[in-house]
Every structure is written in C-alpha cells, then in structure tokens.
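Below you'll find the structures, each written out as structure tokens.
Consider the two complexes below, in which subunit A is the common component and subunit B and subunit C are the respective partners.
Entry: the complex of A and B
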C-alpha cells in the first residue's frame, strides 16, 4: 500500500439516464468481469418460492432472497471511464446502472436475517444514531 | 408412460408409477430393481422397479424380457408395450433423478455420492411398493457397489423379505430385466425430449448417447459451454468430463469450501511475500482493531477502488 494522493471522482451526470439493473450477490468468486448470459441461464432457471428463491450455479445449489437497499440509499454499479496509467493519476468512475434491491445467494443454506448482507444493512441506522445530530 | 409430471419441472426428481394390479395386493409378489443412465454425463438417471405375483414369474418370462442393454431402442419400446398390456398382473414404478439433483447432490458441501443416492432411491421405491399394498416376498436388485454389503443393508431394512442382490441381475432375473426396460425406456424418452429451462433458443439435440466417450456427446459439450455458467442443467456438473472442460475453457469460479491446491490456496490466503517483512508496516497504527460489528457484517471503509 503506497501513499496514495490521487482522487477518485464520481461522475453522477448519467444518473437520470441509466437503467435499474437486477443485481445478484453470489456466494462464490467468479474470476471474470464483463457481460454474461444471466437471464438466459440464471434467471430462466430460478425458482421463486414463498420463503426463498432457489437456483443452481455450476452444479451447486443456491438459496437466496431479495433485499432492499436501506431507506434513503441507492445502489450504484460503477464503471471506470479510463484506467489510469499510474496510481498517482486521478480516476473517474461513472454510473453504469442503479439498483434499489438485490438478490443475494447462499450456498445451500436457506436465507435468514443472520446473513451477513442482511445484517450489513443495519449500518445506516446505527450510523445515524451514533453520528446524527442530537435532538432534544 | 406419462412423463409430463417430470417434464413440468425437470430440475427436480419425480416418481411415476403404474396402477398396482389388484392381484399384487393379495398374492405374494416378487420385485426387481434396476437403473438406467448411470454413466452418461447428460440427462437423468432413472431408477425402476417392476413387480408381479411370484406365481406369474413364468408368464413374465414368456414376455421375453431381457437385459435392456442387449436390446435396441425399438425392441425396448416394444417390450414396454407388452409389459403395459400385462398390467393385470405386472406393475412398475420409476424415480427419475434429475441431472440437476445429481449435480447438486454430488457437489454438496457434505458430499452425497452417487452410490448413496442410488441406494436411497432404490430403497425409496421398494418402500413405495410396500406402501401401495404390494405383498412383497422376494426382491431382486442389480448391485451398486459390493453386492453382499448392499444385500445385507436391504435385508436389514426390509425384514421378512428375501433380498437377492447380484451383479448383472438384469440378465439373471426376468423381473429385474422388466425393471431395467421400464427405466431405460423412460430415460431414452426424457433425453430425447429434454426441455431446456435455459433460454437457449433452438438447441441442437444431436448429443449422442450422453456417454463421455461418445464423440457426438463430446462435440455437444464443447458447443454448449458457456464461459460463465458452464452448462445447462441437462449436464451433470459433477462428472469429471464436464469439470475438465470447464476448467480449461470456462472462467474460474472459487467457492469457500473448495479444496484448493497449494499454490492457489496460498495466493487466496494472501500469503505475504518475504520482502514485505523488510518494509515499513503498512496501514500505520496496528493497535487499531475493527469492531466485530463491522467484521461480522464484512463492512470496511473504502478509501480507494
């Protein structure tokens, strides 16, 4: 980790134009970044039951559920405009899509309120309690 | 044979059964168990049972049922027709194990191997016959794994029934041949009419026998490999043929329960390079520990992308 003085700019000018995109949080690391046939392979085979969604990925059984972004928050998928040549240069990312909900998947275990990502959504409320203005 | 209950959702297993002949509820019966499609990398594995009164064994033999593997598809269809015509004293039941179930079972965190899956399916079908009121006295099974151990297991589970487990039982006992015909006919029909849940448009159905060494199967597996998703659910991901092709032609996917080889595991565990011990400690104040509120939520503050 070097001492990094570069600044990352978030270009929000496209926020009115970008589409809401379905987002899946997978319980595995896919060593790939780019377009994928999600709707053809994944969405088409996903089963939506009362308590949970089920699907399989690479022959492994997944169970998941949809969760919403915390109130007042919006999910952004960011894309870097031009990769900088060195870590001294400033960077610019723009919004490629937005989401207000996402589907997270567990490997074989049914989704519960103890799942990491569900608990992570507690933070905005806790942060507000700790750092927010004190009202009498 | 009405396969629509399976075809309505081919990602899960499905049991299909004929009517139980009245005579099977009143007379002592024999039952055969066999499977079809154990080896192929494509499609379901089908378990079949067939049963008839012990007194009708000769009549079953006269139908000239034989080991399904020695017959052509047309001959099997023809024999299944004959079995169906003999429904006054012959009954059958099938369990179609979806390839998706085979993949996800064999690749489960706590592995559920094919032999265990096979045994449990066979046991489930015998129990189904008992629950349907079939007066079982003799059961004949084509073995999976060591015959003696399997026979002991089944005899213990079904006291009062004479269980015979043999390798190649389908060529020794007509009632097992009959079960193998039912299973093979179902497997062939399912594979031939496989409805892809994936949105793949027109799929080339020239996939050959489904056995890994069949050139047509190999060609099909190459053609329908997706770099991210691998294969449609029609393929058994747990087969080494499929794994090998994905390892070489699809992107790598890592799961937290992967058994990794040394180099890769070291890389993923972020093993520090020797040099790092000689440089200044990164991140400054080491006494600062993140509260478990954040670690258990995997929350980190982000200062660069």
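Entry: the complex of A and C
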C-alpha cells in the first residue's frame, strides 16, 4: 500500500490573489472539462426574479437559487499543478479561484430549502457537534 | 425512463470544488502547508482521505457530497466532476482510538508515541502533533505520569462516557437544524418537518448514534448503543426478507381491514426515487478514499415502527 504514503500538498499561497469566480452546480453531467463560454451563453440569459432564477439550457428550463457558504467557510476551487507520473510521488494542488456563494440549478422544479445541496450546507454545523471538544 | 446513455468514463480530473473551513487557509507563520493524506478510517479500517492543517495542528475530515448527473460551471470553464467536497475540523481522538484499543489489549500503560504506529499508514504519528490530541487523551485512556513521561492505557468506561457526550451534543445540533430523523426521512426524502411521533427522542438518539458510528468500529458502536440504553434493532432487511415483502404486496387488498394503513405501510417500504440516487452514491466506491456524505442523510440504524 505504498500509495498511502504519498500526500497532496495544498498550496495556499495564492489565497490573497485569486479572483472570485461565479460557480454554478448544473443538474446534468457534462461530458467535458475545460474552457467554455459560460457568461456569453448561460449567465447572459439568466432571468432573476425574487429568489428564483430561471434559464434555458439546451432547451430545458432550469430553476435555480443562490446559496451562501456556511459561516466560517469559504469556497475554493482547487487545481492540480504538474501531475506526477506515478502515484507514489507527492502531489500539489493550488487554489485557482474562490467563492462565497454558489448557484445551484434544478431541472424544472423550483428551489426549496429541502434541496439536497441546501441540506448539505448544514453539514459543517452537525460536524462541529460530532467533532468539537468535550468539556471535562 | 429512457435507456441510460453510455457515458465515457470520467477520467481522473484535476479540479475540485471545495467548501473549506476558513482555518485551513490561516496558515500564518507555520512552515508546512496543509496536506491531504490517507489515514486508517476507524470505522472501515480502510484508507480514507483527511487533511492535516498547517503545522499538523488541526485535523480535518474530507467528505464528498455527491448526486448523480451533476457538473460545475466555474468561471468560464466546465468541470465535469459534480461533487462538492466539504473540509471540516475533525476530532483526532476518533483516529487515535483504534490504536489505543489495540494496545489496550496488553493491559499495560504505554507511551502514546509507541502506540500510535502503523506500517500501512506511517503518517498516523502526525496526529499526535494536533493541538487537541494529547490534551484530550484522558477521554479515552487512563493516564499515569512517571517522572517527566506520561503513559496511557485504554479505558472503555471513559470512552463510552466521552462518546455519550458526543451523541448528546449531536442530538442538540440536529434539533437546532431541524433535521428530520424519523421514519419520514425514509419516505419523504429529507423533508424538513417535525414529526410528532412519540419516540422522537429515541429517533434523535439513534440518528446521532448512527452519525457517530461513522467514526468508530462496529463493535464499539454496539457497545455505545447499549451504553445509551437503546435496544439493538435488526435491520429492516433481516426482519423482512424480500420474498415475504412481495407476499405482503401481493395480498389482496380485501384481506386488510384498514386500507389506508396498508397503503401507507406499503408506500413507506418502497424506496423513494431520491433515496435510490443516494444509495447509488453509497454503492459507488470512491477511489480517492473520500467518504461520501450519504451517511449524513441516512443514518445506519433506523428506528422501525412497532
């Protein structure tokens, strides 16, 4: 189990310099990773009313909502730099962008507080109960 | 439903969307960067991914929140991997506990740095550098000081008291967040409503016990259940083999006096659509050793209605 000994360093040195990037959680798997004209074809056509956002994506109506990161938490997009050739070498990821809010999109259904990603934002507080120090 | 389209396998991605405790970024003057590393998961005994903060001062848990068919737009890029990864502070005692239990079988007081050793996971000794490790070992072990050295011996009594406090804290948090823990979780998928069931208190205890059980061995989880005064439940699967279940559904409706009861019971047993997705998530073995968050939504021990 030699791969258990390799670590992935988190290079936080760029944290003061990186830009805030708009982040959208899409209700579909996109079989592609890389550059795309998101602002031109997606953000530009988004309609904003009250709390609900709507957009048409590939002919399907999406309904979305912006949610904030839990208090004391920051959104990070981590990117690996210089992938090593073997799984025994140490790796490094750096912060490529940061966010305090994200927008998640449902297919057709309006966003509610019962959406699983909204529920997931409760995790840090529950984790604090599970992991916080116990008084003597 | 249309036949599932064949998808190209998701090749190793090089980008992750993470929600991280701010403290990870506050590295200040410590020399080492935070690092993701694999340590022995106390519940599964397998490798899981954790993060050690700068200077090894704080341990963090790395949990992936994952739903089927999701991808990200980040700025002007597409990221196929739709997981949302949470990095939250973790109590290092959970990871130290298996080593203490193992050495405790010898019944001797021992220096802890001789106890926390693992051929497969040499990094485990770094856990002892965490601020909270040495100062909280008395929750799970008896301490003895000889000269300038401190020796420890595992104590199940102390561990049970410590874990019970953990469960109680978790119950408080679940109530505060209004997280639905009863049967409703199964049938209506995570709806945030208060159930009026009589054994709501027990539902909370069991749910919290299920959450804590993610950080301890199965044996210890059973002892904890007894310590909490909760009777062990047989899993619904055991009490109701599929053949019997089918028979129940095939029973003519006339055989049941109370139709509504029959229908609701039948409905509750049907796995709801969203749960299937969650179960799929559970079944998916994550190669990176990250723990999926599904346990947060579906406790291991579910209270069966009597």
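Criterion: the second predicted complex is superposed on the first by the 128 of 136 C-alpha atoms of A that agree within 3 Å, B and C clash if a C-alpha of one lies under 4 Å from a C-alpha of the other, contacts with A are read in each partner's own complex, and residues count from 1 in each chain.
Going forward, a contact is a pair of C-beta atoms (placed from the backbone, for glycine too) under 8 Å apart; a residue touches a chain by one contact, two chains touch by 3 or more.
The structure displayed is predicted, hence computed values, not measured ones.
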item: First (subunit B), second (subunit C), both or neither touched by A:36; value: both
item: Subunit B versus subunit C, judged by how many residues of subunit A each one touches; value: C
item: Which of subunit B and subunit C A:123 touches, first, second, both or neither; value: both
item: Partner chain(s) touched by A:61 [first = subunit B, second = subunit C, both, neither]; value: first
item: Contacts of A:93 with subunit B and subunit C, given as first, second, both or neither; value: both
item: Which of subunit B and subunit C A:45 touches, first, second, both or neither; value: first
item: Which of subunit B and subunit C A:75 touches, first, second, both or neither; value: second
item: Overlapping contact positions on subunit A, where the subunit C interface meets the subunit B interface; value: 1, 4, 8, 27-32, 36-37, 39, 42, 78, 80, 93, 116, 119-120, 122-123, 126
item: List of subunit A residues in touch with subunit B within their complex; value: 1, 4, 8, 27-32, 36-37, 39-42, 44-45, 47, 56-61, 78, 80, 91, 93, 107-108, 116, 119-120, 122-123, 126
item: Complex contacts: residues of subunit A adjacent to subunit C; value: 1, 3-5, 7-12, 15, 19, 21-39, 42, 69-70, 72-80, 83, 93, 96-97, 113-114, 116-117, 119-120, 122-134
item: List of subunit C residues in touch with subunit A within their complex; value: 7-8, 13-25, 27, 33-38, 47, 51, 54, 61, 63, 65, 67-82, 84, 86, 88-91, 94, 120-123, 132, 136, 139, 162, 165-166, 169-170, 172-174, 176-177, 179, 189-192, 211-212, 215, 274, 293, 296-297
item: Contacting residues of subunit B [partner subunit A, same complex]; value: 11, 100, 103-104, 106-109, 197-200, 226-230, 232-233, 236-238, 242, 246, 251-257, 282-283, 293, 296-299, 303-305
